[in-house]
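Shared between the two complexes below is chain A, which has chain B as its partner in the first and chain C in the second.
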Partner chain A sequence: MATRSWASTNVKASLVSVIILALFLTGWHLAVGGTGPTTKMDPEYAKLMGITATQGKSAMPGPMDVAAKLWEHLRDPFYDRGTNDKGLGIQLAYSVARVALGYLLAVLVAIPVGFLIGMSPLMSRALDPFIQILKPISPLAWMPLALYTIKDSGISAIFVIFICSLWPMLLNTAFGVSSVRREWINVAKTLELGPARTAFRVILPAAAPTIFTGMRISIGIAWLVIVAAEMLVGGTGIGYFVWNEWNNLSITNVIIAILTIGVVGMILDQGMARLQRMVAYAD
Partner chain B sequence: MRTPFISVQGLKKSFPEPNGKGALTVFEDVWFGVEKGEFACIIGHSGCGKSTILNVLAGLDEATDGVIVVNNQHVMGPSLDRAVIFQGHALMPWLTALGNVELAVSSRHKEWTKAQVRDHAMRYLDLVHLTGSENKKPQQLSGGMKQRVGIARALSLEPQILLMDEPFSALDALTRGSLQDEVISIRAKTRQTTFMITHDVDEAMLLADKILLMTNGPNASVAEIVENTLPKDRSRIDLHKHPNYYPLRNHLIDFLVTRSKELRGVAPVGSEARRNPPIVRPALGGTTHAVAAAHQEQTREADGAALPPGRVSAA
Partner chain C sequence: MSFQDPFNSRRALGHGGCSCGQHTSEAEHQLALSTDARMQRVVESAVVRALFPQDATRRAFLRAVGVSTATAAISQFLPLGSITDAFAQGAAPEKKDLKVGFIPITCATPIIMAHPMGFYSKQGLNVEVVKTAGWAVIRDKTMNKEYDAAHMLSPMPIAITLGVGSNPIPYVAPAIENINGQAITLSMKHKDKRDPKSWKGFKFAVPFDYSMHNYLLRYYLAEAGLDPDTDVQIRAVPPPEMVANLRADNIDGFLAPDPVNQRAVFDGVGFIHMLSREIWDGHPCCAFAASKAFVTEMPNTYAALLRGIIEATAFASKAENRKQIAEAIAPANYLNQPQVVVEQVLTGTFADGLGSIVKQPNRVDFDPFPWESFAVWIMTQMKRWGQIKGDVDYAAVAKQVFLATDAAKFMKEAGLPVPTSTTKTFSVMGKAFDPAKPEDYLKSFPIKRS
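On to the complex of A and B.
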């Protein structure tokens, strides 16, 4: 009985989702569709004015235009026809690679340092003022400094990802480690586990769900920031693609990029959610 | 004078007052001893510092003053020879029942192979009748089964002393009863030296050879040592039929209800009554008071033939 009502809720929800999508697409289609010839004008003049004026059609592409263009992109995602004309897949690969690098560097720093802060009240208090000041800084504010010191726009973007992914992981690791139950620590002590085995066999698994929550927040923020960072540094990546297509006045490609950013962000988040479930424990 | 196996000498715990002036003394000048193979139990109201005494004995807490000597060595920190059964089972929820016991075994015997560790852990899970549930995570086990894993984990260390901090207080009456039976049968095999905290008078009477009565805190102390006058082979079923049952029970209840309050601070710090608290044997036909020193000689003779503690004889 319980499973049946659950299944039927799922089916109903999917149905509602489909209806909402259909309504949205229809609304979009109607909103940008032409109203037919508006005013009679000289054909030469009409040619200059384009369909926006002559047919009452919006410059905004309709869902069919976007779908057609998207199909074109999906058919050949990895083409490379020079600096400003690379396939969507290549651009995404650049962005994902930058995020992965910056994020992994942040993991390597945040988890050990978070462990230290969580274990040592002294270090926690000593590092607290730095964290409090550095944490609220918009990651993009670091960009000029990064460009000046690193002198490489690609690495600067990676640095920006590093700095924005650092804080949630650092704070969550410190919190997870410091709030490991007293009794588990006591068990470790009475079993004479020693510092290394206590860290890896007791504290790490106990804090893992909290650490992974931080890692999930971080990957989300990193994916938000990479688009802005790539708009600034230019060259490659999905952020650069959005800005380049805006300069080309290709709203269709801008919309496709927006959609792709959303899908990739969702995949990253769901991947982390899966890892989070693997380390979760019920108490 | 000979020191007992566990010797608590002039133990004191105080905390600084929150306002920074003075200190709150939970207990002071606490003296008592536990012999090898003996089951000692401590009873007192909340706030008298029973748990602190146990934690100092476990090496998890430090006393403000005084020392504990176990087997002629000062207690300086935690040791595998003093295993603790915690009030809340304190199992690692990410490990299976077997994994929890194996963690303890592998720490005791670092040189053992995985198979050896596993066999040893399984033997102790079997001892507490958990064979078949070894691969379950703690959340899949009932409260009583979790505490059984806790007992198996502590016993698998084959410690010199077993410390139990109100081990069954979180369980329902039926489960508590069956676990008490378990402890009795394990003790019959191992003659494990045990120190337990409880609130439950009946539990103390069933399990303990010796019951330490603590006055109310702050400034608590051991007021009396009550010897269990019930037969050694007692069981839950016929316990209350013994003629000494009610004299003993009444004595303990009377202490908890009225005398724990009245006796607070009666024996001054540093007095003989603190060093050697009076020993009481409540029995039908009148309670006898004994001299502490004479008692110690007696127990030494009685325990001469005891089995080495902490070993399970032929599992």
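On to the complex of A and C.
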């Protein structure tokens, strides 16, 4: 009985989602469909003008335009027509690779340091002011400094990802480690476990859910930041794609980029959520 | 950056810094000399080895007639000098794979088109032209050496050399990309306000602080009696964002590079108030720029690159080639603009946004010669608007940054007419400019910051 009502809620929810989507798409279609006022133009002159000017068509594309363009991209996601014109798939791969690299570096730093802070009240107090000051800095504010010191825009982008993924993981690890129950550590002491074994066999599993929460927050932020960073430095990546299409005032492509950014972000987040569930335990 | 006192009679000024007068410093002179000498030695020994396959015969010949007679005798039949020259021309570039940054605007036409139209590969270079997000980024990436050379606004290499807005690093501009080719575009709602005197309170956009656009707009406004710092707002906006901002009513107009102006017309959000050639016909806009270090460390690569770009510029200067160029540079890999927009810019037959078709073949033109007077004028405006302060050694900086002699050499090869002088006078909005008297020119303006 309980499962049936759960299932029916699920079905109902999907139904409502579909209705919302349909309403949104229809509204969008109607809103951009009409043509605005047009002035009479000499045909020679009209040939030199765009359709927004000649037919009064809205500069905003409709859902059908976006769908058609999206299909075009999906049919050939990995084309390479030169340095500045690559397929959507290649651009996404560049962005994901940058995020992965910066993020892994951040994991390598944040988890050991977080452990240290969590286990030692002294270090916790000593490092606290630095963390408090560095944490709220917008990652993009680091960009000019990174470009100036690292002297390589590719590495600078990875550095920006590193610095923005660092803090949530660091703080969550520290919090998770410091809030491991005293009793469990005492039991470990009674059983005469060494500090390394205590750390790996008792504290790490106990703090894992909190650590993974931090990692999940971080991957979300990293994905948010990469788009902005790539718009700034250019070259490759989905952020560059957005900038390049904006350059051509192609709102259709910008909308497609927004959609793909959302989908990839969701996949990354759900992946982390799955990992998080794997280490979860009932108290 | 400090310059030697130009009024000191015992000192040579900047450019004449070496014993032969062709190089900026004695060190550079030595470097050039040693490569020349090495080249000569290579050719000579190849010739002599061919004449005397047996070393004993060669030695006997030299002992018998003496070195100078031998050289004279051989050169009589074989012009060693011209062989050496021919060899130097084909000298292999030190580095074949280059990265050149550009901003997607039609000013960069020669730099961009040289890629799809094969001007780089003809020089044996494998150049990657990389689209870049903005002027500050292109500056930083060139200074980081991620790019070997780049498309810059012509005031930028001067600003970088002087250390204005960045660390001072010696930069050079061996070729101007385009002359003219900019325009003032206003929002459609101002189509009745064609007199600049009525523009008080307007918000304008220019692509960068150190740009001809900024200086020309300020000049134009000041001539109309408006103080560009207090009567209007001028902000730096990257070209791609200008049309979007004009549509959103955030700005009233801009003095921008093309295709931005034509794009605003194409999308029906603005009209072309005037072309920049009506302010100053023949003004420079963008330049091909590289660090001084690139030029001295890789002279052959630099020569090949510059030759490729100047040949492309010569090709672009012919009106009949413009349609073909528009087709080559409009795709997403380069400008990423509708071809009809790029074509209107390059051919000069365009819609003005107010319903008429204008035919102005000189809307944009391509002439690579970096007149030193251009640099002097730019510095007078930098000083006029407070970007640089104090004494400026106009002539020395101009000579150091705008490498007119290098451009002249390759222009001759490309079949372009080469000016005999590196300075000239010209007039901006009817007011004459004499590059020999920059300070007097500066003093003559009623509206200025210094």
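Keep this in mind: the second predicted complex is superposed on the first by the 262 of 283 C-alpha atoms of A that agree within 3 Å, B and C clash if a C-alpha of one lies under 4 Å from a C-alpha of the other, contacts with A are read in each partner's own complex, and residues count from 1 in each chain.
One rule holds in what follows: a residue touches a chain if its C-beta (ideal position, glycine included) is under 8 Å from a C-beta of that chain, and two chains touch if they have at least 3 such contacts.
Computed from a predicted model, the values in this text were never measured in an experiment.
Between chain B and chain C, C touches the greater number of residues of chain A. When the two structures are aligned on the shared chain, A:152 is found in touch with chain C, with no touch to chain B.
Of the two partner chains, chain C is the only one touched by A:81; chain B is not. By the touch criterion defined above, A:205 lies against chain B but remains apart from chain C after alignment on the C-alpha atoms of chain A. In the superposition on chain A, contact of A:246 is made with chain C only, not with chain B. In the complex of the two chains, the chain A residues touching chain C come out as 39, 41-42, 44-45, 47-50, 52-53, 59, 81-85, 147-148, 151-153, 231-235, 240, 243-249.
Against chain A, the residues of chain C that register as touching in their complex are 104, 128-133, 137, 140-141, 144-146, 240-241, 243-244, 247, 263, 265-268, 331-334, 336-338, 340, 344, 350-351, 355-357. Residues of chain B that touch chain A in their complex: 58-60, 77-80, 82-84, 86, 88, 90, 92-94, 103-104, 107-108, 137-139, 157. Those residues of chain A that touch chain B in the shared complex are 181, 183-184, 186-187, 189-193, 197, 201-202, 205-206, 208, 279, 281-283.
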